[in-house]
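By letter and in written order, the chains are A, B, C and D; residue numbering begins at 1 in each of them.
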Amino acid sequence: MTERIDVGLIGATGTVGRQLARQLRNHPWFRLAQVAASSASAGLAFGAAVVDDIDDAESAFGSELLDLPLREPADIWEPKLLLSALPSAVAGPLEIELAERGHLVVSNASSHRMDPDVPLIIPELNPDHLELVDRQRWRGGLVTNPNCSVVGLAVALAPLHLAFGLDAVSVSTLQALSGAGRPGPSAGAMVDNVLPHIAGEEEKLACEPQKILGTLAGSTVTPAAFRVSAHTHRVPVSHGHLQAVSVRLRQRAEPDAVAAVLAGFKGALGDTRLPSAPAKVIELLADDNRPQPRLDRDRGDGMTVSIGRVRRCEVFDVKFTLLVHNLVRGAAGAALLNAELCRSRELTEQVGAR
Amino acid sequence: MTERIDVGLIGATGTVGRQLARQLRNHPWFRLAQVAASSASAGLAFGAAVVDDIDDAESAFGSELLDLPLREPADIWEPKLLLSALPSAVAGPLEIELAERGHLVVSNASSHRMDPDVPLIIPELNPDHLELVDRQRWRGGLVTNPNCSVVGLAVALAPLHLAFGLDAVSVSTLQALSGAGRPGPSAGAMVDNVLPHIAGEEEKLACEPQKILGTLAGSTVTPAAFRVSAHTHRVPVSHGHLQAVSVRLRQRAEPDAVAAVLAGFKGALGDTRLPSAPAKVIELLADDNRPQPRLDRDRGDGMTVSIGRVRRCEVFDVKFTLLVHNLVRGAAGAALLNAELCRSRELTEQVGAR
Amino acid sequence: MTERIDVGLIGATGTVGRQLARQLRNHPWFRLAQVAASSASAGLAFGAAVVDDIDDAESAFGSELLDLPLREPADIWEPKLLLSALPSAVAGPLEIELAERGHLVVSNASSHRMDPDVPLIIPELNPDHLELVDRQRWRGGLVTNPNCSVVGLAVALAPLHLAFGLDAVSVSTLQALSGAGRPGPSAGAMVDNVLPHIAGEEEKLACEPQKILGTLAGSTVTPAAFRVSAHTHRVPVSHGHLQAVSVRLRQRAEPDAVAAVLAGFKGALGDTRLPSAPAKVIELLADDNRPQPRLDRDRGDGMTVSIGRVRRCEVFDVKFTLLVHNLVRGAAGAALLNAELCRSRELTEQVGAR
Amino acid sequence: MTERIDVGLIGATGTVGRQLARQLRNHPWFRLAQVAASSASAGLAFGAAVVDDIDDAESAFGSELLDLPLREPADIWEPKLLLSALPSAVAGPLEIELAERGHLVVSNASSHRMDPDVPLIIPELNPDHLELVDRQRWRGGLVTNPNCSVVGLAVALAPLHLAFGLDAVSVSTLQALSGAGRPGPSAGAMVDNVLPHIAGEEEKLACEPQKILGTLAGSTVTPAAFRVSAHTHRVPVSHGHLQAVSVRLRQRAEPDAVAAVLAGFKGALGDTRLPSAPAKVIELLADDNRPQPRLDRDRGDGMTVSIGRVRRCEVFDVKFTLLVHNLVRGAAGAALLNAELCRSRELTEQVGAR
């Protein structure tokens, strides 16, 4: 992979878009060539639109990006590969339109995740689902990554599903503020407080993991047959979603065996080397008081899911705590890793050619 | 009940002890006559031992209390009724000794909660368990209240157990700092962070609710036959434990029916009027984003358990969120209400006489 | 004052407006009869506009208020007395228009505070400035209260100016989130952080105190001749502005003498009893680590300014720390106290009659 | 400087000691050879004493250090150069004893900072003061760095003192939690709160800057002749002390001229290259809302002091806001930079030889 190819970034000024812009800086395979944001900031330079962070801007984004003009998302794009960090409200029809125009759209938006012909991918778990793109009805293609909480959960569930079979999962999350985008909850609402509800989040946790761990058969994915029930909470943490997980397995297993399977998980990428893939997909922590958001979110540059406290569950079989960096592994890094997977499979060359 | 009787308070300078002292001020049935703390502060006046809060002390505790000398817990006590807010590490043998000497000890400590002949009481749930005191082997008696998280959970579970029968409970807590006592976690540990572990807490949630909701038969309580699995977390909130609860019922029920049962719960006190009992044991909140610790912990002067988000559970039958003021309903108020129940049943006169 | 008179509230759904609504509930002199908010919510009932707090609404505001329809601010008002909690951007022309129509407008907005013919009043400091209203050019009248930080500072400076004369004041503030209105800074911006700037705040601290402590001469106020320099910061505290103050006096004084003057301050109200006036305008705290926002903001129901740490200043004469409840003493309570002063002076009967 | 020399670290398990251990890992000039902590942990391995952070320990400190046994501070030390991160309470006599035994002690403790024959050094400001070591009465030597807040203030004041002369300084600090060491304030004390007092801090700000900016004449330092008055506060921030500074200059200057002098400050190191010295001693930020602790503390790997909001002061001449990473530039990095200065001046070879 000796040559960098151009990519476009849609929704560049939101929380996830900015993080993608940071991670695309000096990326070995991709060069950020065009950026778009909502109409409100179209016409501005990227640097002007993130002006309240201007002191950081150059070191965070690089000086070249600061001068790039923000385009309208529906404009004509030059790069074949487009990364989408759009809010779901606007991503729906636009991503389809761009795929129809021949682009390969790699999206973090929730709009099309559950569409039958759209793969929902975590490269270390279900890279084979990428074949769905070949059967899509558009000249281009559309690939999605899961919700930020789902990424962490699915990574932890995958080896257990493989080893023991999953029957039911109960998960309770303590989610960070950056998961709410900009501006997110007000500081006044979060002082001496936590919030018991995140709109739409529990529904995603209840269905996305089964599609990711499902089986590709012909032109569709048969979801894995386990149930997920979620309670979601917002806590005053900047980054890092903590999740308390209880699991009922199809084949009984002791906590030690479960821990060994988690610790030994290699993922499904085999020899494929992707620049943003961490050395360890999962890191198992020994200390009883870990993982913690501030101490553990940056493991593997934010791409490693930390798991601790694997122990017997009085109701199900086993329970544990996991932590996922919602903004990296759960969003920008998830989309970027998917884009890398697409390039490694030469999808970026194939789409649009058909 | 026209006359106030004297009570003693052991462990008066800790977080729960201070709260008891505040609530005993101007109490209609009890007068705080003697106080004890650990040997380190014995000999000091109560006011001198809480000196870092001295500007508040007079309005919080009343000027009389400030001059009361702190005694050793094992000293000879004059009041027959003793409230114990001792750390469990020291409560164990001492509470037994005091009961042997003829005192009625109403304790918040965990040491004896699960002893077969010691009742574990929430007055609105299982006041009949108080009969166990008659069968205790001491001249005096010993009555306990549950762990602070357990109080909230048991209050919510009681009407469901009564109406539908409980089979299994999965609970995940977001617990406030005051539940950790003084000094509790350092501010540095909690900045931009939550903690995934509270020592000993999950074990209490796994066994105390069944004793409370169990059946008194002869000289022992047969615990209710349901299982509880808990995940406990510490969050940067001053007071108020939030709990995400999923419940499997023996007799299937729709969320609406469950909500109706929770909202209609009257408790088991009947005509007994206790000064610290709230008008509503449970308050059901309609808003999707409630209960919240800062907004809801003080309902019913901190004695009402707030419940919201009653909805279908994808794995069990129903799930909901509850909030309990850990320091009031979960600790000081729990002990005080038990003391009031004891007095209303004239136990304070009976013990010691035998 | 046996009869309650009707008042209107403009800007009723903002942070200050809601607080005024709470404080007007069961007010002995005033009955909240009409409410207005921005056009966006006009037509809604007050209760519908504060719907995210609906569980609190009845106990906070009373059920009557919840049904009151929100009017446009420029509509015809029935009450002669109007309280304005409008954002300054819209308060400017509208308050003048309402005064011209014959209303007595008691405003918390900054728009007209420094107008020569508009009094800027803290009842305990400069009630005589109310005479300016007689000379106003409108049928009605316009009375303002200071910026939330200025209220605390002016209360502390008044007795010192009286006793020793002020020459220069250097103040550094740590301001609470509620001072920023709704929604205020995002929680993400405040995690593990403080902000070094509050737009427009330092300018107000530099000029409002001198007008308040100035001398009424004929139809204008000659400002007091001292300089104020301010540094303002936002901190993650819900309510309560803390201020570090250094003062150079015209007549040298020892810290003890300064503390005695602060502690002995009675204010200028004399025999006038206003319902919202606290028993103590200033409370001097002995402990070195006080005042603190959470522990001290509610003294005198939020109307008492707490002062501590009076000590020698190495550069000026004396320095100390003060705390003011920004939402009560600094805003809603400030306006309400001014309205009470107006009624006690029978201004509510006089204006409009001319 | 081709060879690493061995150093010892006293007080290795406290907040500053740990940070020194982190920064000594892979240091080009120094190798951490021996470590000591208080008697309580003496005998343990370093790794065992920091066991609650064990998951981080290897990546933070390196595996070699984890096995190093913790010695008693008064034991015989092999390295000539000792870094001291002792609490001041124990540093006093021990550091003298070690200097007498022939060690060069580079200390972060406050005990001897103001001793006439002990230099108080910030290498970019007063490296010449190091000559005091030649005149010390011990076989070895003792060099100190300032208090964490003083470091930031002195760095900002130095170029102004040079260019315009300082007359008076008023400073108000918002200090981070790590400045309080371990455990520091409890989380319960800091929820929805800030603290108005830090014991001993204002006194250090009032005298240390003048010694640093003073003139070495013979065997003593004549302190610079300006006064400093400080207000210090603790805020819920992990790292980074923010300071609001007002300055009266001897020679009047406009804010623009002051900003230019700050931005252009090169420091006094000239051609001396020290590994821990940042590229910029001061970084001037343009945005009105900067510096902020979370966004700016890590500039120059925590060794750059950020300054913003340079503007006219209504009472003095000019005012501005600065931020210093208290744990790096203000403590561990300060001591390490002093040790580097000592080695670059070959002091490590000279002491002990006399």
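The criterion applied here is as follows: contacts are C-beta pairs under 8 Å (C-beta built on N, C-alpha and C of every residue); 3 or more make two chains touch, one makes a residue touch a chain.
Predicted model only: the values in this text are computed from it and were never measured.
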Farthest-lying chain, centroid of Cα atoms versus that of subunit B: D
Distance between chain centroids, defined by C-alpha means - subunit A, subunit B (Å): 43
Between subunit D and subunit B, distance of the C-alpha-averaged centres to the nearest whole Å: 48
Residue numbers of subunit D (touch at least two other chains): 191-192, 236-238, 289-290, 295
Topology of the chain contact graph, where touching chains are joined (line, ring, star, complete, other): complete
Residue ranges of subunit B in contact with subunit D within the complex: 177-178, 180, 182-192, 236-238
Subunit B partner contacts - residues on subunit A that touch it in the complex: 168-170, 172, 174, 191-197, 199, 206, 227-229, 231, 233, 235-238, 242, 244, 246, 288-295, 308-309, 313-316, 319, 321
Residue numbers on subunit A that touch subunit D, as the complex places them: 52-56, 191-192, 285-287, 289-290, 295-296
